Every structure is written in structure tokens, then in C-alpha cells.
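The first chain written gets the first letter, and so on, giving A, B, C and D; residue counts start at 1 in each chain.
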Amino acid sequence: ADTSTSGGSGSGEAASSDDLSITLLPKNLGNPYFDASEIGASAAAEALGAEFEQVGPTEATPDGQVSYINTAAQQGRSALVVSANDPNAICDALNEARDNGVTVVTFDSDTNPDCRDLFINQADTAGIAKVQGDLIAEQIGEEGEVAILSASANATNQNTWNEAFIEYVNETYPDIEIIDTVYGDDEDQKSFDQTAALLQSNPDLAGIVSPTTVGIAAAARYLSDSDAKGEVALTGLGTPNQMREFIEDGTVEAFALWNPEDLGTLATYAAAAVATGEIEGAEGDTFSAGDLGEFTVGADGVVLLGDPFVFDADNIDEFQF
Amino acid sequence: MTTTIDISAGTNRVRAFLSGGRMRELGILLALGLVILAATLTNPKFLFSGDGWRDLLLTPAPLLLVTIGQAFVIITRNVDISVGSIVGLTAYMTGWLFATFPGIPIPLVVLASVLFGAFLGLVNGALVAFAKVPAMVITLGTLYAFRGINVLWTGSDRINPSDMPKPFLAFGTAQFLTIPVLTIVAVAVLVVAAWYLANMRSGRELYAIGSDPQAANLYGLKTTRRVLTAFIVSGTLSGLAGVFYAARYGTVDSQAAMGWEFNAIGAAVIGGVAIVGGVGTVWGAAIGAFLLMTINRALPIVGIPDFWQQAVVGVLIIGAIVLDRVLALRQKRRLIETRDNA
Amino acid sequence: MVTEDPARPGGAPALELDRVVKSFGPVVALRSGSLTLHPHSIHALIGENGAGKSTLVKIMAGLYRRDAGDFRFRGESVDFSSTAQSKDAGIAVIYQEPTLFPDLSITENIFMGRQPTGRFGRIDRQAMRAEVEQIFARLGVRLDPDRITEGLSIADQQIIEIAKAISLDASVLIMDEPTAALSGVEVERLFAVARSLRDEDRAIMFISHRFDEVFALCDTVTVMRDGAYISTHPIEETSVDELVRQMVGRDVTELFPKKETTVGEELLAVEGLTSPGSFHDISFRVRAGEIVALAGLVGAGRSEVVRAVFGVDAYASGSVTMSGTRIPSGKPTAAMAAGLALVPEDRRKQGLVIDSTVGSNTAMAMWRKIAAFGFLTTGIEHRAARPWDAKLEVKSHALDTVVGTLSGGNQQKVVLAKWLATNPRVLIVDEPTRGIDVGTKAAVHALLSELADQGLGIIMISSELPEVLGMADRVLVMHEGRITAELDRAEATSENIMHAATHATEPSA
Amino acid sequence: MTTATQTTSIVQFDYARPLWRRVLATREFAIIGLLVLVLVVASLTVQGFAQPLTYNYLLLDVAPILFIALPMTLVMTTGEIDLSVGSMAGLASVTTGVLVQSGAPFEIAALVALAVGVVGGAVNGYLVTVVGLPSLAVTIGTLALFRGIAVGMLGTTAVTEFPEFWTALAKAKLAGTSIPWVVIPFLVLLVIFVALYHFTPFGRGIFAVGLSSDAAKFSGVNVERTKFIVFVLAGFVAALAGVYYTLRYSSARGDNATGLELQVIAAVVLGGVSVFGGRGKIHGVIAAVLLIGVLSSALRLEGISSAIINIITGGLLIISVVGASVFAWAKTRRSSPTPARAAAASSS
């Protein structure tokens, strides 16, 4: 089937499932979190009989993503599954792609609702805020100073989670004080150095929360051989493979995450469902996501994966991603 | 008779040290002292805590190595913009060797990575020296090419601490008499490099080549070989820095050490290595590297908000080179005055 | 190894070149260069600018490789591929243009690449310094061996080149116009050293455009023309006229064709010019039709004064006035607009953009003037440049030839053409005939004289006393940054110029 | 036509080589040829390349680089370099964003951003010319400074609300074509820069300063002013590119245009501008920017990873200089023996 010569098919035109072509566009390549998503996504694509490809910039910037969105439009792909580096900056490009017949599904990090067909939400903000708040409160005995080690200052999901987290903690645990938010830009070295700086500038720090897989791993690595090991608690969102060692050596007690593999799978099924015309993407539409079961589209075209899962020494060996 | 000559030569040297060439190093050293003092006064932990003391010495170590190599290259009136990519590539290579050949002896890995760095330096040097083309263009090209190879090789893989043996990672933070081992290695390299540049014929020839390449040709100096050597030194030290990076940070992906080229060049220039070649010492360059990294670490401590730190780093870089220039001009004026009065 | 009777002058040749050919792309620099140097003899090589002398030198130095012909050193055929090889074989070369490392000390410059070393290959600085001091004493030089060479005058640089060559202790010493930048005292010292080296049975070659020097120093002389060997004579069997005829291919009638001109209105007035460290309280005037010479020893500060007058350097106090209008300090454009022109002393660094073309260089100082509605094209440049290059007989293949490939003398002509093209009212020339052959030198003198006749005021810096005496209407003598004497054409003699140049006199004069 | 002996005669010709050789046998022409070749091959073999959309995206993508390459060519011809252009574009973007956010009309905000560009360029120029610092060092400093101010001003936020009219204009196509409207301001700038650089006394001064600032100074070229002006131009155009960037992505962020400086410099150098100064042609630079853009676009369409694009960019840079050097070396080898042999034969 020739899908690439003309990008001019009008939006909403349905592709039959055997000439389905899906492009996965993560925030950046070389990020273990998205590698896990890619495994789920490509498996789903295979199950659907769709042609599948992952592309992306090496650095997590919106302008880098725009080039790939444009390329997908030029190639006339049926669907684009994207985690946005900026909610607005890539909007126009996405809409242009949609005008060229490309179905756009965001996952992990959303754009403005009017420039995508669906958003696959890994966990709702309240759920993430709650699980992180409860974990850190438990680990530091519900009182003390806590700092946040976030990803880049512009990451949509991070900022929303952090706000909700701060609000939740302030309401639920009045003796915990959130003293600072620092940014490691999802770079190992920067997150590592930021951890060092946090520890030095805040001698009374009781805990660090890092809602990003790169950040929590780097922080754990710094803590594991510093004097603060065992003194300062660390939790947040991490992948089992990266955190296994630190759970084992006691640097980290417990952390949370959803399964990014499932997230990729769900996003791919959703994209296929819209692209083939199976659903419109309106509130209340339901579709099947293979082994994951049935999902329903919520308000604003959001599909929710489920609640985050807590990993600790007892269960971590059961997971490989 | 001999003693008097010795004394006068000695005092001459002291005077030359204070008034002339070493002024720049002293100024930068002073700035470094002030930064450490300011940070320590704000938060004594910056210096007086196990982690603080260790990090103060340890953090600059990899950049120190890269800057020494960069100084070699800049002194010959060349520049190596590809160092960040070399560090990234060799850091990945280090992790990859451990991950792919479990049980491989650590010294073998270190050697392999350093040799790999030397090889990448050789590629740069051969292109620059034999084709006689501007180093800036070549190394800008290899900056892209090496990073591209790195991304291709790494893909979306990454090295995690669990991929590397514990003793190797421990080496990243190991201390000897409270001084980090990596720092000791870097300073040892520095001492050897400084001695070589000051006291060996081939070292002095690097300065001559940078001072006037055409004159070097007329003198019959082995320009090609020396420039090649400078690039190999830069590559080798960047390779060693890659090993340091892997040991210290434990995690390596395809973007490791991105942008280090500007840090290394900036550090060398702050330390008084003239970008047009022929002038400067590795001491100065090393202090420059120390200053740059320490500023980075001190800013959050003295309470500069996260978002403004980079701006402050920029101001400090410019401030350092302006100060250096002002001192040099004052020096020159004083020379003229003494000439007038003579 | 061929050993020969060392004491016999004119014995077995130390070095022989036979019908050597060298070309650069389409340019044939040497068609058939031949030369024989003997131990215990000083041999002169003379020829017009571009005759191929320096090319021959560079072949002997191993800097260029010959295309054809024979090169024998001590009887053995050699083919040097780098200057290190010729150095090792025992050939020391002083190049026409000083080539020093500006950031390194004088001592390091002299020993670069062959420093004495001690244990672990460590450089022995003490030994190096001691030897430099010894050589400097021999040459009568008072430079600080630890000073970096950046900012040294051409003359001082030339002296370091000489010291460098002497320190090599070579059996053959080749000097390409070593005296061009030197004044009498230094030249005499150099000659003394050269003679003593000759008496140590070394072969010495000397290139100069000054015949008095050739006759004072040399034993034999070889003439070249158009890249080819012409003749060799023992010095006592030849004369200036004969040599000039062979060099130029015709007679040169007059070397100093000074016309008597009527001195007109005052054009340039310099009042109390001072720049600490360089010169103090310099005052003089230049009138239309007058040639004012600035004489003095090397390093007296003459170049710095004219640079300040032209605005390339700023000065601390004093004033420069052109026909009543004050020229601001440090603004060459203002000076040019007022009708000043400066032909600087270092043509390769200051006079020319050496990697640019002949046409562009010639037009450079008049870019703004020749631009049409603010626009400038290569065509416009060439149209403006052509007549001036032709007038000064610049020998170049085309106007877009890179000026750096011309011979030294032709480069100097391009600089002169560039400034004459601006139609200046006061022309400052700093060592205008340095490195220029007799034919051209006479032409330059004639030109200066003619320009003065047309009403230009001319300031001429020259280290050649005959030139000063032959051309100047008035002579200002400088010593250590101050004007120590002002002499009319009538009162100027070599004795009182030299006296003023070497002694600080009471401020009254 | 030319014989070996005319070195001894007075200037004969305006040009040593005929016109066609001066135009065609140049490095710039080689780049243009390569660009055409890549365009043809990509159009024939890459699916989805030969469509109007491609040219639209391509031009939109390379526009900031095209813009900044113009003044960068001037800066590098004077022998200096400006590494701060990417940061300046980012700073201009943030300035626009912050002002628009605080209620200023977009037009005013953009003008202020351009003024910031002029001021930033003047800071670079001042430090390089008046204080006398090496530009590489100065602009490594301002690279951090400008970026730092940009990040500091906006913090975690991004400004995304800009007037529809302007954001649409940034992407609008010229009537009936797929050519983006942004080429119009670019062409205006291009004409100005070509005239300034190649056909004015000021432009000659730029070249002279790059080849020998001493000789330029002795000839009445105001070296300091020349360098100062080119730095200001670089700051101004970088800011212009930053404003364009803001509109194109409808987003002002602290990290906009990060790393743009190396892309610009790579293109300028590939286009034949000497890093030592004194040599360069604008048409070569434009061709080089487009060449890299076309290659990236075609390779992306083929699904080839950006790593390969990096390797190719790097390889092109290296080949362009090494190739030229080898070519020159081969030429001297080839041409030198002929006249020499002839002369040798005639003299013996």
C-alpha cells in the first residue's frame, strides 16, 4: 500500500487496518522510560498488523520534535503517537499533520486538547500526588524538610504533578515543609550535581522526591555513596531496572510508577482505533486494548491507564523494565 | 661568585613570577579562593563536611583532564571542539566493555578507553596536521561525527551502575587521605604536563608553533608531528576523563558530556591560555577548570536561584577575562613607566 | 667526508649551486641560478628586486626544493627537504624577513629546536642564557635576553636573527639583506663579526642592495638577473658602474636626483608631541616642496613619531595640525582626509594586506573615494589601481596576483603606489627604499624629488646616511625619543648627524 | 597565452585566470553543485520528497540558520566568531514572550527584543574591540549569560499566547505556492548583506581586517568600528531569528534555539568562509545551509536516524576542507613540473 505519495487525504478519512502505519515520537531517544513504552507500542502494532516506527530528537526539545511531526505529515502516516516536550510549541505542527490525515494521540505528556485526538494519561495527577506524598511521609515520619528534584522546567506533566503534590502534602501532612524545587533537565549529570547541591545547601533535609525516572536514579546514585545515605529519604517515580540496586542496598525504600510498557500499548491501540475510524475519540467511546482490556474515553479526550504502582524490596524482582 | 649569581637569578625569577607571566594564574587562584570562601561562609558544609570536601576536589577532576588536553592544543594555535564528544564516546565505551564482557579486568577497560580516546585524538590530529586545515572546522566536524557514532552505537541504550563492577564505581569516589583518587590522578597528570611543557624541547616547540607557525616552519621544527601529538594528548586525556565520568556518575547515555567543549575552552582561556596560541600554562588552565566547576557548585549554596545560575556563570567568565586583561594592561603601563624613568 | 685545505682562500668550494631551477606554478623564480661559496671568503650576491636571490637562499636553506639543477655541499650532492637538515649540515641562514616567535623570549627564539638539554631531556636554561649574553656582547647588543620579542623594532628583530645564525656555529653563513633595517653602528659591528667568522675559515654569503657595503665587506661578488646567473668577479676587479650595468642591463645615471625646489607654505605642524615611553616633546614643521629627513639610530623612536602623527597610534599630549586644521589623535581617517599619507616601515605587516591582490592593495587607501554611489567592485578597484601600478613599474603577472608572492622590492612599490594614489599633500615615508634595488631606488628618489617639486611636503625616515644627505632639504635627528638636532641641507654632514644621533644634546638646539 | 617570462614585466592583466574558471572552479560552486545533485537524487529516489510540503517545511526549518548565517559570515570574515547567537535568539524569544505576557502589544515586544539583540551584539563588540578580548572567549561567556538571562526571566513557564495574525504570518505561504512568506524578509536581508559584504568599502574593510588588521589600520580602515558593527549586526539578526522562532512555534521558552550557534557555524564554514578570516562568499554559505537542510529532510523521510545526519554533517565539513587542501596540493604537483622542465631544457 502506498501511503506516502500524497498527504492530502482529509482528516477523519479512515485507514483500513492492513495499511495502518504508526509513528511513535517520544520526548527524546535514549530514555529508558520511553524505551519501555516503545516495547509495548511495537508489540501492540504487531498485534494490529500495523507498520511501526520510532523516531525522535536526541535532546528533549519541542523544535526537535516539530521536524519529526512534519516528516510524518510528509510521509502520510496514519497515526502519530507523541509525548509532547511543550504543550503549545508543537501544536501547530500537529494540527497541520492532522489536516494531512494523520491521527494524533498524545501519551505521557499532553498538549493542548485541541491539537490532538486523544491523550493517554498514565495516572491522574491526584493519584500521583497522593502516592508520592504518602511514600515520602511514611519514610520521614511525617515531618521535616522535603525538596523536589524535577525534570526540565518546562515539562508539563512534571509541573502539574509538582503543584498537586505540594498542595496534597500541605493539606495532609502539615509538618512536612517543601523547601525547594530544582531541575535536573532529565540529564544524569545535571540531576546528580543538583542532588549534591541540595544536600549541601539544606543541612536539615529529610527527603527528596523526584517525579522523573532519570532524576530519581541519579539522586539515588549520589546518595548511595554519600554520608547522607540512610539519613535522607528518596522516593518518586522510577523504573525497577534502574532502581533495583538502590532498593537492594537500602538507599531507597520504595518508589512508584505505572507500567510504561502498558502505556505504550494503550496509546498504540487508541491511535489505531481512531485512525481506522473505529472510534471518533468523543467522550464515552470505548475501545479494546488487547490484553489490557476495554478502555473508555473520558472528558477532553483523555484515556486513563490506571493507578500508579508502588515498588519495594518485596516485589521489585517481579518486574523487568 | 657562584652564590651571588644564584641569588640574583633566584630573585629575578621571583620578580618575573610575580610581575610577569604568573600574574594571571595568581589572579584566577585568588578568584577561586574567594568563591570557596564565600560559599563556605554561607554554608560551612561546602568545605567542612565529608561530602563537601570530597565534592569540591572531585567534581572538577574530569574537566581538569579535558582542559589540560585542550591547553596543549590551544597553545599550538589550534582548538579541539570535539572533546565533549570524545568524553561521551569513551565513557560509553567504558560502560559497554563492562556490560558486554562481564568479568573483564578493570585496568584493561581503562587502558582500552584511554587508547580509544587517543585514537580519536589521532583522527583529529591527522586531519589537521597532514591536510593542513583549520582545526576549528575539523573538530567541529568530528564533534558532530563522534556524537553521531555515539548515538548510533548507543541507540536508546544506556549504561546503568548495575552494569559496572562495584570496585570500579567505588574508584569513582575512593579517597586517599581524604583526597579523592580521581583528583590525585588528575593532578599527577597536571604536574607531568606542566613539567613537560616548561622543560622539554618538544614542549617548548608547541609554544613556538602556536606563536608563529610560519616561523616554526623556517626553524625546521617538526610542526606536523607536534600538532599531531597535541591532539593525541587532548584525545587521550579526554578518554581518561570519559573513564572518570563513567566511574563518577555511573550512568552513561548517548548525550553524556554534551557541551563540555565550551567548558574546557572557557576554562583554558580563563586560566590565561591565549586562544591565538603560544601563551599560557596548564597550571592556569587547570585552575580555570577548577574555578568554573566550583562556581557551578557554589552558586546554589550562596543562594543564587536555580534559574539565574547560568547567567551568573556567564558574568563570571566575562569578569575573569576582563580582569585578566586589565591586569595585563596595568602591567604593560608599568613596564613603559620604568622604561621612561630608566 | 671531503676534507680540504682549510687555510687556503678560494680552495675547494664549501657549497655549489649549478643551474638551479625553481618555479611557483606559472611563475619561474629561478631559471638558472648558479653560485659557488668558498671557505675563508665573504661572497656578495646582488641583483634587482625579483632577480631570485632570496629564492636561491631558500633552496640552500632546505625551505624550497629545487625543480632541477645541482646542489653540492662540501663536494657531495645534497637535497635538503627541511631547514633542520641544512642546519644540521652546517648552514646558517638569516632570512630577508625576520621570523621570530613573538610570545617567546629572545633566548628561546635563538635556541628553539636545539636547546641544550640536561638530565631527562630537561632544557638547560642557564647554559642558554650564558651563550646569548656572550653573543650579545660580541655584537654589542643591549637587549634583555629574557624579554619576549613581541613589539621589538625590525632592527632589533634583525639583530636577533643575526645572533641566532651566529650561535649555530655553522661552516656556511648566508645573510639575506641583514643590514636593510640597520644603521651605521650596527652594520659596522655586524661586519666585524662577519670578518672574524671569515677568518675562522667559514664561507659567508651576503646579499645587499647597498654597494658601499658590498665593496667594504666582500671578497667576491656574483650578479643575478631575471632568475639567472650573470657573472662573478673578485671585488677589486670590478666597479659599481659595471655591477649596476650587469644587474639592470643598462646604466643608472643618478642615484640622488635631488631637484632644488622652492619651499612654499607651511603644511604640517607638529607641536610638543609626547607619548610616555616612546617619545617626548617632538615639534617640527613641514612646508610644501620640502623633503624633511628624520635621522637617528635604530630604536630612536622615529617610526613611533610618524605613526602618532598619522594617527595609527594615539599620543598623550601635543598637537598635529595640517594647514591650520587640527587632526585628532588616533584617527588615521582624519589624517588621510587632511592629506596625510604614511608608507610604513614593515611592508608585509603594515603596508600590505599580504594575502590580498595587487589591485586591491593598491586601491585600498582610496576605497571610499572611488566607490560609485557607495558601491565598490573589483572592476572599479582595478581601474583605479592600474595607472599607479604601471607608473611605479610593479612587476606582477596580473592585478589579481596575490601581493605576497611578489619580490620584496615589488611589494614596496605597491605600497608606494597605494599612497601616491591618494594624492596626499604631505607624504611620510618610513624607510622607503629598504630592500629596493638600485634601479628602483633611483626611481623612488626621482619620484620623491618630483613630488616635492609638485608642492608636496615629504617626511622621510631613513637609516642610510647617503640617502639622508642626498635627498633631504632639512634633517631632524632623533636620539632616545627626543629631537636632538635640526640641520639644514648645507650644515648636514655625516659627522654632525651621527653626533646628534648618539648624544643627547642640551634642549636648546 | 601566458609564458613564463612575463614575471619580469609590468602588470599586464587584470585577472590571471579567465572568468569561467574564476567562477566555476571555486569551492562555492562545488557546494552549489552538490546541493543540486542532492536535490535531484532525493526527488527521484525519496518517497514523499518531491512535494510542495517538503519545500515549505524545509524553508521554515532552515530559516533561523539562513538568517543568522548572513551576519555570522561577516563576523567570521573579520577573523572573529560569535558563539552567542543561539543564546541571543533564545533571549529575544523570551523577551518577546515576557512582554506579550505582561500585556504589551506584540509589535512593541518584538521591537524591544530586536533592541535587546542590538545591545547584546554591542556588548560582544565592546568587549572584543574596546577591551580587546578574544571573541571566542567573550562569546563563550555571553553564550552562558544570554541563555542564563533567558532562562532566569521565564523560569518554569513558557509563553504561548501570541496574536494569531503574527503566528499565522510566520507560517503563511506566498499566494499559490508552498513557499513560506518568511523568505521575503530573508531576501531583503540577503540583498542588503550581499551588497554590504561584497560591494562596499565597508565590506572590503571586513575582508582586509580579517586578512591583516594591522595593514587595514594603516590604510585608514577603522578596525574597531568594523568589528563592532558586525557584532551588532549579528546580535540584531540573531534576535530577529529569535522573534521568528517564537512565532513559528508559538512558544517563548528559555531553551529556544539552544545549540543553534554550532549549526550556523558549521554551515558558514562549509560554505567556504575561512575560520581565520578574510575569505568568504555569501552564495556559498546560502548553498551550504540549504544543502544541510535538504540532506536532513531527505534522510528523515527515509527514516534514517538523526545520528546519521550528524555524521554526514560532520563528514561534509571535514571533506570540504580536507578535499580542498588535497586538491590544491595535487594541483601544485601537477602544474609545477611543466614550466620547470621547459626552463631546465632551455637553459641546459
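We take it that contacts are C-beta pairs under 8 Å (C-beta built on N, C-alpha and C of every residue); 3 or more make two chains touch, one makes a residue touch a chain.
Given the structure is predicted, the values throughout are model-derived calculations rather than measurements.
Enquirer: Considering C-D alongside A-B, which chain pair is linked by more C-beta pairs in contact?
Expert: The comparison resolves to C-D.
Enquirer: Need the most distant chain from chain B, centre defined as the mean of C-alpha atoms.
Expert: Centroid comparison gives C as the farthest chain from chain B.
Enquirer: Could you please state the distance in Å, as a whole number, between where the Cα atoms of chain A are centred and where those of chain D are centred?
Expert: Going by mean C-alpha positions, chain A sits 38 Å from chain D.
Enquirer: Measure off the straight-line distance from the CA centroid of chain C to the CA centroid of chain D, and report it in whole Å.
Expert: 41
Enquirer: Which integer distance in Å separates the CA centroid of chain B from that of chain D?
Expert: From the centre of chain B to the centre of chain D is 30 Å.
Enquirer: For chain D, give me the residues that contact two or more of the other chains.
Expert: Those would be 151, 155, 254, 305-307.
Enquirer: Can you list the residues of chain A that touch 2 or more other chains?
Expert: Only 29, 58-59, 153, 183 qualify.
Enquirer: Would you give the residues of chain C that are in contact with at least 2 other chains, written as numbers and ranges?
Expert: Within chain C, no residue touches at least two other chains.
Enquirer: Chain pairs in touch?
Expert: A-B, A-D, B-C, B-D, C-D
Enquirer: Okay, in this complex, where on chain B does chain A touch?
Expert: Residues of chain B touching chain A: 43, 45-46, 49-52, 55, 59, 151, 154-158, 160-162, 169-170, 173, 245, 249-258, 296-297, 300-301, 303, 306-307.
Enquirer: Using the touch rule from the top, collect the residues of chain B that touch chain D in their complex.
Expert: Touching chain D from chain B are residues 79, 127, 131-134, 136-138, 140-152, 262, 265-266, 269-270, 274-276, 305, 307-315, 317-318, 321-322, 325.
Enquirer: Mind listing the chain A positions that touch chain D in their complex?
Expert: Within the complex, chain A touches chain D at residues 4-7, 29, 53, 55, 57-59, 61-63, 66-68, 70-71, 73-76, 86-92, 100, 152-154, 159, 183.
Enquirer: Of all residues in chain B, which touch chain C in the complex?
Expert: Against chain C, chain B makes touches at 9, 16, 199-201, 204-205, 207-208, 210-212, 214-222, 274, 277-279, 336-337, 339-340.
Enquirer: Contact residues on chain D for chain A in the complex?
Expert: 47-49, 51, 53-54, 57, 61, 151, 155-158, 160, 167, 171, 245, 249-251, 253-259, 296-297, 300-301, 303, 305-307
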